Amino acid sequence: MTAIFDVRNLKKTFGGLVVTNDVSLSMAPGDRVALIGPNGAGKTTFVNLVTGNILPNAGSVMLCGEDVTRLGPTQRVRRGLVRSFQVTRLFPEMTPEEHVALAILQREGRSGRMFASHRAMPDVMQEGHALLSRLGIAHLARHRVSEIAYGQQRLLELALALALKPKVLLLDEPAAGVPQSDTARIEQAIADLPSDLAVLMIEHDMDLVFRFAKRVVVLAAGEIIFDGSPDAVTKDARVRQAYLGSYADARSVA
Amino acid sequence: MQTVFSIGVDAFAYGMVLFVISIGLSVTMGLMRVVNLAHGAFAMIGGYIASYAARDLGLAYAVAVMLAIAGTILIAIPVERLLYRRIYGQSELTQVLMTIGITFCIIGIANYVFGPTLKTIPAPDALRQPISLGFRTVSAHRLFVIACGTAVALGLWYFIERTAFGVKMRAAVDNAAMAAALGVRTEVVYAVSFAVAVGLAAFGGVVGAELLPIEPYYALRYMVTFLVVVSVGGAGSIPGALAACLLLGAIDTTGRYLMPEFGEFFFYLAVIAIVWLFPRGLAGRAE
Amino acid sequence: MLSGSDTLSVTGDRRARLTRDAIGVLVILALGIAGYFLFPNNLALLTRITAIALLVLSLDLVTGYCGVATLGHAALFGAGAYGAAIAAAHFGIADPIAMLAVGIIAGSIAGLVSGVVVLRAHGLPQLVLSIAIIHLAHEAANKASGWTGGSDGLAGIMPDAVFGLWQFDLWGRTAYVFGIVLLIVVFVLLRQIVRSPFGMLCRGIRQDPVRIRAMGGSVHGTLVRMYIISGAVAGAGGALNAISTQVVGLDSLSFTLSAEAMVMLVLGGTGSLYGALIGTLAFLWFEDVVSAANPFHWLTIVGALLIAVVLFAPKGLYGSLASYFEHRGRKNP
């Protein structure tokens, strides 16, 4: 399999502080990778480097064989690198139907159209409703987002990402803040993601990680200390040290 | 050479007046995050009170200045309690609308009470004479204004950096919720800061009346000037405000001397250019 | 996946929307006709209201739909007014449709320029830029008195008959009808634009620009485009004002007009075309009554009105009414 997403030797420093040090990560279509790491490991910085919100000091990000290291976030999205947010970012006054329609139109370069409403575009409406029903929120299509429950907003967040038909999807703690009763729904939606999509999930919940990932990458102190199967990760000495060590430190501070 | 020197002195004095008036705006904006378009109106109220006290009642200049500051604060307290409190933490548009509404009201009332004419504040004789510096003579009034500006800058710096209240204030600027959790009574900090800000505005309005003449539309005419000081200097920053005031004073005064016909035109052009170059202020702090 | 009933509802939607739009147009038309017959001696005022309504609609596009707070929007209106007036007075373009076209183009250019400048910053600096722009435009027009007539205003605008058929008369009837037709055309076009994908994109930008970028949308480019459209609308309003009053003064490029347009918009309710129209009508009618009674207190009253709206009806007249009915509709389905 050829890599669809390839991060090579990424490095970022803030002042003298190295927050991402020589990180390399390669993914093929259909990959299900979980990125984990203790607090302060540099996960957020890594996401920002990958999505183009901050520029690295060295290294490169390749998407479908194209070097996107110097491109801004919007350009990367248009090339198929899509992210979801850890804290839902939706338009409170708009409906789920409008959300997905906007994403579909944006993907097709039709979001600048000034005449005819999206409701008069059968293809957009059909695709949008299909997507919403796949995630089980079609019955909310015409409610304002501010009126729907947080768990359902998380599902809409996922629908938005899917509407962009990404090649690489970055899920930033997709189940964060969701009540226990709704996590199964979200997990199911993640399990049902298109099989040719490369998915990188940043997650704290280890149960979710083990059910989802075929491969686990561990980031600690800005470096990748482990990249392998979920079975091997708990046995890895460095991983244990990074996690338990940090807990031990935390205890001594407290 | 004389021209260059007079431009320099006038620009410096003008910049200092801007500083005295707008530093209060800067501090309150940093503290309460309120876009207060009505700040200039309080400077104008100060000017009117001083003019009434000194010219119509014949009181001494120093007394008039005191009365102006006290009177303006007295007027501002109910305005803060009844109106400003409602817009803390609200959207920017709401704050703009409310404070423009306050400005319009103050202008309308000033126009009704004092009429549309310019008001002068008779200065004591000592300030009217030129003072010889040995190689040049300068107007005593300009030196007085510069001294006032310097005193305000130093006094404020001491107040904020060296007093217990200043510590509370800086804490509230950094993180109001955290400061409140640590036992700082933020509403008291807000109220005192607002009063100080308004008092300084009134003071600046009075001592700067020769450079920024008092008339009903004062509050609108200089609104952008005071706001640009804050947006360029950075809200809550004394050195930033000082730098911005001196820069704007220099631009405005030079424009008036060299191209009296086009002075305002170039001033606004310069404002746009400065904000364009430093959309996040001179210090470049991210929002 | 779309079932038969869903398909039906798509066309049903369409019908409901068209009905609503038709009602909107009919209401404007009915008010227009009523105004013509009820206030035959006040047509000049009514035409002015129509012209200002275009300015407020234009402001609604950038403030209500895109969330850009500006206090310099009269620059776009003034550009349209001076554009049309200069075309007529200096270049002999007296055909009203051509004057309107010049006004629209001038307004669009002003929209492009002020959009690019204003969108350079956010928050307070953005507001400062918008205020500086209107002062700059005012000063420029004041100094270029050869072209603009300076503080005396630019007179000598003599528009020809509309389509060679309807002369502009002393009572302002032609100008009034011209204005109402223009307003209806603009209203219909804007209804289309605000609910088009582009309009949806703008609303999205107002609510969360970060999310729009994460969807691959261009925030700056979209806002500049909306500013150009807004300029065209305000320019049309300015041109209408020039055509109907046959003189253009510096007040059409003033900070006061910019601020008053904002007051009208907020009074009516931001983010809705009906709000913009209702706000303009209510404000200017109120102004006419009050300034006839006591012109001295006008500014104080505007200020008090503004404070009252912020405190008691932050959604504006139309917004408050709309949410009241929405609330009631939900209680008794």
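The chains carry the letters A, B and C, assigned in the order they are written, with residues numbered from 1 in each.
Going forward, a residue touches a chain if its C-beta (ideal position, glycine included) is under 8 Å from a C-beta of that chain, and two chains touch if they have at least 3 such contacts.
Chain by chain, the UniProt names read as follows: A = Branched-chain amino acid transport system ATP-binding protein; B = Branched-chain amino acid transport system permease protein.
As the structure is a computational prediction, the values presented were derived from the model and not from experiment.
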| item | value |
| --- | --- |
| Overall pattern in which the protein chains touch one another (line/ring/star/complete/other) | line |
| Central chain (distance from its CA mean to the mean of all protein CA atoms) | C |
| Mean-CA-position distance for chain C and chain A (Å) | 42 |
| CA centroid of chain A to CA centroid of chain B, Å | 49 |
| Gap in Å, rounded to a whole number, between the CA centres of chain C and chain B | 34 |
| Complex contact set, residues of chain A against chain C | 51, 73-74, 77-78, 82-83, 85, 89-94, 98, 101-103, 105-107, 110-120, 122, 125-126, 129-130, 133, 160, 164 |
| In the complex with chain B, residue positions of chain C that touch it | 63, 69, 71, 117, 120-125, 127-129, 131-133, 135-136, 139-140, 143, 255-256, 259, 262-263, 266, 270, 296-307, 309-311, 314 |
| Chain B residues within the chain C interface of the complex | 29, 35, 83, 86-87, 92-94, 96-98, 100-109, 111-112, 220, 223-224, 227-228, 230-232, 235, 261-262, 264-265, 268-269, 271-272, 275-276, 279-281, 287 |
| Chain A-facing residues of chain C, complex | 1-2, 6-7, 10, 13-14, 17, 192-193, 195-201, 203-204, 207-208, 210-211, 213-218, 222, 225 |
